[in-house]
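For clarity, chains are labelled A, B, C, D, E, F and G in written order, and residue numbers in each chain start from 1.
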Amino acid sequence: MKVIPLGERLLIKPIKEEKRTEGGIVLPDTAKEKPMKAEVIEIGKDVEDIDIKVGDKVIFSKYAGTEIKIDDEDYILIDQDDILAKVEE
Amino acid sequence: MKVIPLGERLLIKPIKEEKRTEGGIVLPDTAKEKPMKAEVIEIGKDVEDIDIKVGDKVIFSKYAGTEIKIDDEDYILIDQDDILAKVEE
Amino acid sequence: MKVIPLGERLLIKPIKEEKRTEGGIVLPDTAKEKPMKAEVIEIGKDVEDIDIKVGDKVIFSKYAGTEIKIDDEDYILIDQDDILAKVEE
Amino acid sequence: MKVIPLGERLLIKPIKEEKRTEGGIVLPDTAKEKPMKAEVIEIGKDVEDIDIKVGDKVIFSKYAGTEIKIDDEDYILIDQDDILAKVEE
Amino acid sequence: MKVIPLGERLLIKPIKEEKRTEGGIVLPDTAKEKPMKAEVIEIGKDVEDIDIKVGDKVIFSKYAGTEIKIDDEDYILIDQDDILAKVEE
Amino acid sequence: MKVIPLGERLLIKPIKEEKRTEGGIVLPDTAKEKPMKAEVIEIGKDVEDIDIKVGDKVIFSKYAGTEIKIDDEDYILIDQDDILAKVEE
Amino acid sequence: MKVIPLGERLLIKPIKEEKRTEGGIVLPDTAKEKPMKAEVIEIGKDVEDIDIKVGDKVIFSKYAGTEIKIDDEDYILIDQDDILAKVEE
């Protein structure tokens, strides 16, 4: 199944980072904060304001966008204005 | 009865997907989350911002649009801005 | 008494449809949902965005418009933007 | 005392209609709904969007405008956008 | 002390009218409604939308503007859009 | 430390006026109302709508602006639109 | 890891100032007010309204922006409109 974002939207895939408590315990997913880093999967054809390409890592606005499930994986459909920054590692 | 959406609206028909609980029980309709996938049925004549045709599958914004019943089936009248993505399977 | 809607407004007359419960009992008016289908009675002179004429049946946005009584019958003064669709039967 | 509405405002005088309960009792003023019919008294010089003249009867938006008292009579200063319709009897 | 309103603002001085209860008792100030009539004291240089000059009596929007005290007298700094009408006596 | 307001903002310094209760007691600072008079300290380079220069006394909108401390003194960074009037004494 | 702010955003690093209570006790971080001074780290390519360069100290609007962690240090992604002033020491 392919999801093509419309207008000024992008399809991004949140990157979950392992997080350990101070005591070194790895927390299960639900106990972590909502991730804010994502990989860009698809770009709507009207996305012109930001300089982003498929595969880029981005930081996105925490409560923005609409969560969807594709083949049991979590994705987010998000407006270009809610992509805050590009990350280079 | 034919419903012709006005202006920048579309008439879409939500697609209900069967959903099983982890124990394998098929949940009745009311226990499922509101569907977010729909088929495009009719397109208003001022819909110009998105590249969508009748029969396309789309993902729509969860709380957007107005639910109506046509011949006892559920449909949604929705603004083009609330169609988030096109789905190709 | 004639009511002429001003600007981009229309005067519409809600169509009440009989509704039976599953057991076949006809519900009195107050127990029904607010009707969303109406007949167009008068059209304000600045209504230009939608292709509607007097006598057309329309679907309107549930909580929009202002209810008025003319000769003890219920009517609604409503903005053209709140007319969602035209109905052909 | 003469009140000249400024800009796109009009001065209107609500018309109170007698209303009887089903049992035939005439209700005193405070028990009635706020009147929505009014006579146009004065028209501000920037009122151009609507075709209204002094003496016309109009229907106005229920919670719009500012109530004022002139010589112990109730009037309303109201924006032209809140005049919904003209009434001809 | 002279107060010169900036932009599209005016300085007005509310006119308190004596008000008697039905039994004829003169109410002290705090028991009265907030006055809505005022005299225009100063006019900001960008006030162009309304035809008002210093000394005019006006009716203003009840909850608009900012109350200030000058030499222990109450004044209001108010936007020209919140002056509803001119009063001629 | 010098604070240069950006865009259409000004840096102002509230003027605290002594206030006596009716019984003649001088109230300490916390019991007074928030001051609304201020001296203009710095003017952002895009302040063009109002005719104000450094050293002017102004009246500002009570809940507007952002309070900051410079060398233990209170200042306010405020938008030009929230400066209501100029005061000449 | 390098974070490049998009559009009209900047990446800033809050400057925490030591704060002593009146009794001279140094308060730990959580007991202090949120800092409002920051150093500019990166500037988005559409930041044109304000005259700011990397390394400048700025005052920012207290509740604006999105906090992120880079290599365990706190940063803020913030819109240029929420940078209130430049600080020169």
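Simple rule for what comes next: a residue touches a chain if its C-beta (ideal position, glycine included) is under 8 Å from a C-beta of that chain, and two chains touch if they have at least 3 such contacts.
By chain, with names taken from UniProt: A, B, C, D, E, F, G = Co-chaperonin GroES.
On a predicted model such as this, the values are computed, not experimentally measured, just so you know.
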Angular offset of chain E (Co-chaperonin GroES) relative to chain F (Co-chaperonin GroES) [C-alpha, multiple of 5 degrees]: 50
Chain C (Co-chaperonin GroES) and chain E (Co-chaperonin GroES), separation of their C-alpha mean positions in angstrom: 43
For chain B (Co-chaperonin GroES) paired with chain C (Co-chaperonin GroES), centre-to-centre distance based on mean C-alpha positions, whole Å: 24
Where chain A (Co-chaperonin GroES) and chain E (Co-chaperonin GroES) are represented by their mean Cα positions, the distance between them in whole Å: 54
Order of the ring members, counted from chain E (Co-chaperonin GroES) so that chain F (Co-chaperonin GroES) is second: E, F, G, A, B, C, D
Of chain F (Co-chaperonin GroES), residues touching chain G (Co-chaperonin GroES) in the complex: 1-7, 9, 11, 45-46, 66, 68, 77
Residues of chain D (Co-chaperonin GroES) touching chain C (Co-chaperonin GroES) in the complex: 36, 49-52, 59, 61-62, 81, 83-89
